[in-house]
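Please go over the structures that come below.
Next come two complexes built around chain A: one with chain B, the other with chain C.
This part shows the complex of A and B:
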């Protein structure tokens, strides 16, 4: 009985461990191999070149620009999503007519594949026949068509806005989880003490949902940092690489230019950054566990 | 109808209105463009002069929709089953056993969750070239199943933890073995959790882009997102009414399933996130 009990959990987790490890650890090993060798476009390794692929990256102004843009992209989308999601979650936590419908609508962007969303927006933002321009003109907000995707100064902010829109559902979900854990009598007590709505929010709601906000922050940072389809399907990083972030840069270098060595080096750089995010997440969640 | 609740509802909807409009706008664009007659697609008016339902028929043939739909269904169903078959025992082990390496295993899953396919795509590509599996939808299926394990285990475990141990203990008292208890008592109670997890895994696989874009090379093996993407990328003229009809047809079934199930996701993620 006891021997069986000791072995059983390992037998139960083994298949999932093997499958996940095969798909994760093997490619990471491959990446390390490719990044440190010169390699042809079919992935055959030639000579060991050490850090040459990494050095080539640092010499590429597009890499540095993509790195910066990834920072703006991640900060803009994650920050924007959190700022929009807190009021949305607070409202959805209220009792009002049509709340179920409102929840479904707010969650909808999550259900659509990012590729499809990006393709629809690419069409909606088209300069001559796009429906956003015709709607804005009809409401008198603009008086001539804007070529949204023709240059980075309008395309990239639009991509960030779309990024925010599709990140809101997940963020709201996490915050709603936090709100549902706050007991109502806390608010009743505060109201008896004469605290207004804003004070209740600052001194009760915000501190109690803070751990959930932290988790949403870190998980969103990871997802958004990795997010490929919105930019790829709308502009493919163009015009002239001006909307590239690391993931689209990686894809272009690897599969358009066939430089698998440099692409692997980008992957490993991203891997390093992601590992830091992961450690932050583990710290946050275990700190919570210790307190609870 | 109570007056103060009515006033509150108006305020609530007003606050939500920007997000509501932005969320519905793409659906409106999709549907309206899909129903515009061929000749009006490029004119920047909102409403079509008549509803061109035939676009869906012509789209089906012109975009090779049926084939991509079949591929998407094949990949998503098998990936969901594969991921569930390995995740259910793992989630059970994490909920009902305390074993050495449990924390290590949880963190391993976390890392696989963090490393999105895009970061690994060059390595995966080379792995599949070495195995001769480029353009194989079975290979894509296995990769999808593997990448969904972390999510599935997380969701399943957060529900399994809410199933009271008392029932299983009662069954052991009656002399039922551990396996029998598992099959007769635990698994039936866990069915709703498995169904919900399966549907979300299915949606993930249905919507996945970068793996399919990299590993699938011929039109015959394209899944829906890649097929639709191929209609707009690198083309000089894009048949937008067909593209939007295809997008709409590929999106609506999933969106309805999602709308129906999103409250379970709220619960499952909230439970999982704080555990």
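This part shows the complex of A and C:
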């Protein structure tokens, strides 16, 4: 009986484990193979070199800079998107004339390929013939063209803004799901007790959508951390690597410079960071779940 | 040759990354004896239809051999080849940038063509363009596309600024550029590229004119007097407003667009800009002139070829070469070169009326004797990357010219030593 108890759970999780092994562990193992060998530019393994590829990364100031920039990028985009999405979702949750249309409009950017969006913005931000400069001059906000993509100090904030813009639809959808699950009588009861709109938001809405915000936080972090098209299409991480994040750095090292060993090492580092993040998240949510 | 249609390429690049794996699996399964798979770069919207037609004509003339094309955007080509080769799913033939050839040869991936090349086929090519594909005495590739660079100038802007003829020296170029910028109205004298592929090449035009070399005796020429003088000149042009503002946000295509819109007076680029002007800005009055000379009369332009190589692991080598023979016959060649706006690579093309009587193209071909090709060194892309970053820092004013170039040179030397 007890022996059965010990074996049964493992048998039951075996199928999921095999599946996970196929789609996660096998590629990671391949990456580790490449990362620990000297590799020619066509991915053919040569000598075993241990941690040399990782050491080469640590010696590259561009890698360290990209690592930090990835942090700013992820924090900026995910944080910005959530802060912007909550009010948008609240408005869209109200019953007003034309709400369906408004919802469609907010969701539309989601339907457009990320790369297309980034390219359109690349044109819009062009210094001499871009729409943004024309519009700002028209409104008298600036009097000479700003070269948005010429320097990281203007390019990177713009990229974060665009990142926020394209992340909003998905985040709004998740939050809307949360909002629609809150029963109206809670608000009616609160209103009877004299709670204002802010208090209602603070003490009813926010706690009840918290699990949904958590999901948005985790999924967005994973997507944004790995997001390639916006930065690549607009600046390719330039000028002088000043807008590189880890993915664009990885692409350059791997496919432009042909150093597949170092590129695999970067990708293992990225895998590690996301793994740690996910573990912390799972830990936090299960701890809270246990308490509740 | 990076005739990249940016919009399209960047659009495809992501898809390419994701599909490369799946695509190569499917294709390798479908390939069998009698089918020759060819990976080609998409130079323009005309490339795909052109090769489709070639395949049809070839199959009609050679029953039993099937040709399968994979058209890949230029930006993605090296990445696709890398993925394919590492998965052992590469095609039989592929177009590559000739400057990548050294890696392909060193790793034993490219097959020498000498045993197939008859003197007749070899004799079809113009020597200058075949040489870059020859390594260690063996021919590894046949040049399929060639270009050199010259200076385009806007005749209307020159007239408005009271300039009678294109500059012959960089000093004249500087003076002219300032005059054109002084016209105001969002018009600038010299279009300077400061972003993405070939940013380094745009700098070499100046460096060569001051007598510099990219690599000399196995060492980088980036810290030479010529490089410093050229960088100082470019930086001065930027500071004087003689170039368009924000150069580091301009890829070559962006500068070309400014030229087509009549917003810059001069720029250096390849013959294909003439085709684009013909199609997109037919009213633009422009001329083509040689790259200006430096103070002591030095001058240089950039020559580029793309080659078709055969893979060492191909199972249909005889059929593949039969196809190459067909591809390099005058009928196919002329159509391709006219479509894409390249320079003729075979003698028969050069004699064709279209090329022999084209004044713009004559300027380009006249520059061939001073054309320099990318040095055949492993790690060239990395050197280019180091150079581009250094230049961007100088253009932005984030780095002093001399120390930045010295630092870049020592990095380049470390790469060259490997």
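Note that in this section the second predicted complex is superposed on the first by the 253 of 292 C-alpha atoms of A that agree within 3 Å, B and C clash if a C-alpha of one lies under 4 Å from a C-alpha of the other, contacts with A are read in each partner's own complex, and residues count from 1 in each chain.
By our rule, a residue touches a chain if its C-beta (ideal position, glycine included) is under 8 Å from a C-beta of that chain, and two chains touch if they have at least 3 such contacts.
Please read all numbers here as calculations on a predicted model, not as lab measurements.
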| item | value |
| --- | --- |
| Partners on chain A (chain B, chain C) - clash or fit | clash |
| Touching partner for A:117 - first (chain B), second (chain C), both, neither | first |
| First (chain B), second (chain C), both or neither touched by A:209 | neither |
| Chain B versus chain C as contact partner of A:173, first or second or both or neither | first |
| Partner chain(s) touched by A:129 [first = chain B, second = chain C, both, neither] | both |
| Touching partner for A:264 - first (chain B), second (chain C), both, neither | first |
| Contacts of A:217 with chain B and chain C, given as first, second, both or neither | neither |
| Partner chain(s) touched by A:277 [first = chain B, second = chain C, both, neither] | first |
| Partner chain in contact with A:67 - chain B first, chain C second, else both or neither | neither |
| Chain B versus chain C as contact partner of A:147, first or second or both or neither | second |
| Identified clashing stretch of chain B versus chain C [3-11, 21-29, 219-227 or 255-263] | 219-227 |
| Common ground on chain A, meaning residues reached by chain C in one complex and by chain B in the other | 42-43, 113-116, 119, 128-129, 145, 228-229, 232-233, 236, 255, 260 |
| Chain A - residues contacting chain C, complex | 40-44, 113-116, 118-119, 126-129, 145, 147-151, 155, 228-229, 232-233, 235-236, 238-241, 252, 255-258, 260 |
| Chain A-touching residues of chain B, taken from the complex the two chains share | 5-6, 8-9, 12-13, 15-16, 19-20, 22-30, 32-33, 41-46, 82, 85-87, 89-90, 92-94, 97, 99, 101-102, 105, 107-112, 114-116, 118-127, 129-130, 142-143, 145-147, 149-150, 153, 203, 206-210, 214, 225, 228-229, 232-233, 240, 243-244, 247, 250-251, 254-255, 257-259, 262-263, 265-267, 269-271, 273-274 |
| Touch list for chain A against partner chain B, complex | 5-6, 8-13, 15-17, 19-24, 26-31, 34, 42-43, 84, 87-88, 91-92, 94-99, 102-117, 119-124, 128-135, 138, 145, 165, 168, 170, 173-174, 176-178, 180-181, 211-212, 215, 222-223, 226, 228-229, 232-233, 236, 247, 250-251, 254-255, 260, 263-264, 267, 270-271, 274-275, 277-278, 281-282, 288 |
| Residue numbers on chain C that touch chain A, as the complex places them | 6-7, 10-11, 13-14, 17, 78-79, 81-83, 85-87, 103, 107, 109, 186, 194-196, 244-250, 254, 257-258, 261, 263, 379, 381-382, 385, 388-390, 392-393, 395-396, 398 |
